[in-house]
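Next come two complexes built around subunit A: one with subunit B, the other with subunit C.
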Partner chain A sequence: MSIEIRGIGKRFGNFVALEDISLHIPTGELVALLGPSGCGKTTLLRIIAGMETADVGQVLFAGEEAAHVHARDRKVGFVFQHYALFRHMSVFENVAFGLRVKARKVRPAEAEIRSRVTALLKLVQLDWLADRYPSQLSGGQRQRIALARALAVEPRVLLLDEPFGALDTRVRKELRRWLRRLHDEMQISSVFVTHDQEEALEVADRVVVMNQGRIEQIGSPDEVYSSPATPFVYQFLGNVNVFHSRVHGAWAEVAAERPEGGPESAVTAFVRPHDIEIEHHPLTGGLEATVQEVHAIGPWVRVELAHASELIEVELTRERATILALAEGQLVWLKPRQLRVFAAPGKTMEEGGSGI
Partner chain B sequence: MAAWSSSCLTPASRRRILPGFGLSLACTLAYLSLLILLPLSGLAFRASDLGPVELWAIATGERALASYRVTFGASLLAATINAFFGLIVAWILVRYSFPGKRAIDALVDLPFALPTAVAGITLATLYADNGWIGRHLEPLGVKVAFTPFGIVVALTFIGLPFVVRTLQPVIEDIESEVEEAAASLGASRWQTFIRVLFPAIFPALLTGFTLAFSRSVGEYGSVIFIAGNMPLISEITPLLIISKLEQYDVVGATALAMVMLIISFVMLLAVNALQWWAANRHSGCSPSLGAHQ
Partner chain C sequence: MNGRLRRVNAEPRWLRALLLGVGLGFLFFFLALPLLAVFVEAFAAGWTAYAGALNDPETRSAIGLTLLVALFVLPFNVVFGVAAAWAIAKFDFRGKSLLITLIDLPFAVSPVVVGLVFLLIFGAQGLFGPWLAAHDIKVVFALPGIIIVTLFITSPFVARELIPLMQAQGKEEEEAALSLGASAWQMFRRVTLPNIKWGLLYGVILANARAMGEFGAVSVVSGHIRGETNTLPLHVEILYNEYNAVGAFASASVLALLALVTLLAKTVVEWRMRRENSMLLADLPAEES
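For the complex of A and B:
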């Protein structure tokens, strides 16, 4: 079922949680709402679920206005960050809950409930835990049960609020892939909230980047990463070096990108650490810098360089680092392979240096 | 969780890390013996002066039997009333914010703080035939003061804080997410309450009920003023014990006290077993899986 969000706004006292949010989620799509904490992404999800009401704007389910539909009648499956399982019920009863509370006329027979719950537990690969209680499960298992419980009522839309936020990295990665497969099997629309850019880029069909109650960019994971629409998106998705001033504007020209408003205006240039080339000899338009520190981190070698008072971060492959054989205090020249210039002194998260 | 971990201790994990266990355990045992066990055994010892036949005769006298009925019946009724209304009061105090909430919250403690005799006199004055409330009940044919009904009123008054104060922290602990989860699964408010919230509250409600009940069984001060103390009708066992003592019938008083002790003990044991069951049925031992968080 498609979800249409039109001009949603929400305030909590003086705090603007959401401002003029419009978004269309077609049937079968898996959308990630990505943003820093406090950006309004969870509020938006809760408005879609009917757990919060918007001050202005509309939510339409399959073209129908949903404002007056109570959360329990929206047929929305909701998965919470901290699972919100019913502690006093067994795993089986947790999953069966949605079926048992149906009105008698539409409630499936006991045998039917049994077989459906068992099928769902099999789907989440936890049928052997049916008689346990939530307190006896690990975090990853609890979240899978929470998902099975949400799916039991055959929701038209699945909403997940930071579903893997409380889990450790390894379990998180596993569940991510698993969620993707599950979504494809169930053929429903899913929206999940996350502050983890890697998670959003890996799992979602489309990523909605939010900041301070507004949508910054909507696009495929590749689009938002490789052509960010705003400085915020650039900084939020991955590490980035930020340069201000005219000098760097000239540097920008090296990479064959012309800042709008002419070379005289102040500009901000964004370069990803892995898009900078290091050479031992001077380059035309290259930036002179001193090597400060060299760390090998997994497959990458991260080099921190100083250019005047600014700190520049560069990531090299191990092979390249071996060839360069960088040493601390060495003078080198930098050249961007790719960079992005935003004309105005854009609203950046921090001044100079590297983001995140 | 606490119950879980204590019941799942393996021998290896019994090594104590906190120092001073021996000393503090000795202190605790000595204190409890002095305070509770010694007087109770003294009571049993005293009662053993009587032969079993005599003891039985005193304990099952007509007046005694009637007084048990009044005491335990009124206590049970009062505790039940408190369990119901106390739940509502606690729920409102936790879940909603409204003007005067703090004042009402403080008011709940009043029966704790008020000397019981003051409570008894106040209630008796209010519910007497010419009292503020009694005056309006009289034409309806409802007599409160100087009847067993009056005892229930007094016991309800003194028992309320036990239920409310026991429930409040437990209700505060319930995450709103659990309710939202139930709603998103299609449950109505009523279904959410019955199937999700009540089972979470129930063990605490049972505790509050037990506390209120135990307090009521032993209550003396507030009851005697409103009860009228008519033998066979509105005479509570504690009063019967006092009147026996006043007649220097120490042995008779001891016999009744023994009966009170035994009944109270059995009832507490039963409620505790029920509580233990309610608290533990949802957590078993599975050391291999453990709790993740």
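For the complex of A and C:
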């Protein structure tokens, strides 16, 4: 079922949680709401679920206005960050809950409930835990039970609030792939909230990047990563590789390309750390820098360099690092392979402009 | 080596003995001895005298009245306590802190003052006095008055017990129940109530102990009519003032027994609560599969 969000706004006192959010989620798509904490992504999810009401705007399910549809009638499966399993019920009863509370006329018979719950537990590969209590399960198991519970009522939409946020890295990666497979099998629309860009890029069909109650960019994982629409998206979607330097004008020349507006107007250039080339000999238009530190981190070697007063991070492959054999205090030349230039925002523009 | 470690980690032997002695001595003189004295005095004239004193019609009526008051008061306490705790723990609204303060009011006011307040409201010269007299309704110096002041005195117990519990549990489970299609009643009945049942029972036990033992406020509004408006605590005082030591202590022993049963029940409930809490806080087992 498709979800249409039109001009949603929400305030908590003086705090603007959401401002003029519009978004269309077609049937069958898996969408990630990505942003830093406090950006309004969870509020938006709760508004879709009907647990929070928007001050302005509309939510439409399959084209139908949902404002007067109570949370319990929305047929929305909701998965909480901290699982919210019913602690006094066994795993089986947790999953059966949604079926047991149905009105008598539509409630399935006990045998039917049994077989459906067992099938769901098999789907999440935890049928052997049916008689346990939530407190006896690990975090990853709890979250899979929470998913099975949400799926029991055959929701038209699945909403997940930081579903893997409380889990450790290995379990998180495993559950991510599992969620993706599950979504594809179930043929429903899913929206999940995350602050982990890797998670969003890996799992989602489309990523909605949010910041301070607004949508910064909507696009496929590849789009938002390779052509970020705003400086915020650029910085937020960098994983640990994010590199942002606020060099004006000069950087544009380094790249041998002039951004629109020319050197007179101040700009901010963004370069990913792995998009910088280091050479021992001077490069035309290259930037002179001193090696400060060299760390090997997993498959990468991270080099910190100083150019004037600025710190620059570069990531090299291990092979390249071995060839370069960088030593601390060494003078080298840098050249970005790829960069992206944004006009500096208001205030910086004036300052930067007069400075150059 | 071992000896030195012990000296570093523990107080000297004499200090430990002194502290333990003071603690146990206090327990004995102020808690155990009085309790013992009640039963010793009650049985001072033998079994038959004890049984006779309890079989006295006025004593039996006092016991009956005390149980009746508790029976009226407790259901109200449950409803009010759960409703107040629910509102405070799960919702944000204007005047919330005022409500919390109001709930604590009965703890802060002296019971005698509470009695006087209700005397001023329902008494013959009171606010509703003439109206009540005109309709021939007796509140003060009758059962309704006793129930009303006991309600006032005991109202905070359940709410006080539930508020921190419900706040700690948050509202995610309720939201999960709603998103799964549960009605408000189903959510309360199947999710909220099972989660708070031990806390609720604990509050009820405390409220019950207070309802049965309340003296000051009840004393003011009861009128001490023997066999009619005398609760057990009031009855003990009357008998004692009449130098009927066996009667007074026999009645007191009933109250003491009620207290002991309450304590036992409280211990069991506390044990269950702790066990459930420790189950909830138990470390997660290692990730399987």
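Keep this in mind: the second predicted complex is superposed on the first by the 328 of 356 C-alpha atoms of A that agree within 3 Å, B and C clash if a C-alpha of one lies under 4 Å from a C-alpha of the other, contacts with A are read in each partner's own complex, and residues count from 1 in each chain.
The rule is short, and it goes like this: a residue touches a chain if its C-beta (ideal position, glycine included) is under 8 Å from a C-beta of that chain, and two chains touch if they have at least 3 such contacts.
Computed from a predicted structure; not experimentally measured.
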Fit or clash - subunit C, subunit B, common subunit A: clash
Touching partner for A:Gln125 - first (subunit B), second (subunit C), both, neither: second
Partner chain(s) touched by A:Glu279 [first = subunit B, second = subunit C, both, neither]: neither
Partner chain(s) touched by A:Phe78 [first = subunit B, second = subunit C, both, neither]: both
Touched partner set for A:Glu64, first subunit B, second subunit C, both or neither: neither
Touched partner set for A:Glu288, first subunit B, second subunit C, both or neither: neither
First, second, both or neither for A:Ala166, with subunit B first and subunit C second: first
Which superposed partner A:Glu198 touches (first subunit B, second subunit C, both, neither): neither
Overlap of the subunit B and subunit C footprints on subunit A, listed as residue numbers: 49, 51, 70-74, 76-78, 80, 82, 84-89, 97-98, 101-102, 133, 135-141, 146, 149-150, 152-153
Subunit A-facing residues of subunit C, complex: 172-173, 175-183, 186, 190-191, 194-195, 279-280, 282, 284-289
Subunit C partner contacts - residues on subunit A that touch it in the complex: 49, 51, 70-78, 80, 82, 84-89, 97-98, 101-102, 125-126, 133, 135-141, 146, 149-150, 152-153, 168, 170-171
Subunit B to subunit A touching residues, read off their complex: 1, 4, 175, 177-178, 180-188, 191, 195-196, 199-200, 281-284, 286, 289-293
Subunit B-touching residues of subunit A, taken from the complex the two chains share: 49, 51, 70-74, 76-78, 80, 82, 84-89, 97-98, 100-102, 132-133, 135-142, 146, 149-150, 152-153, 166
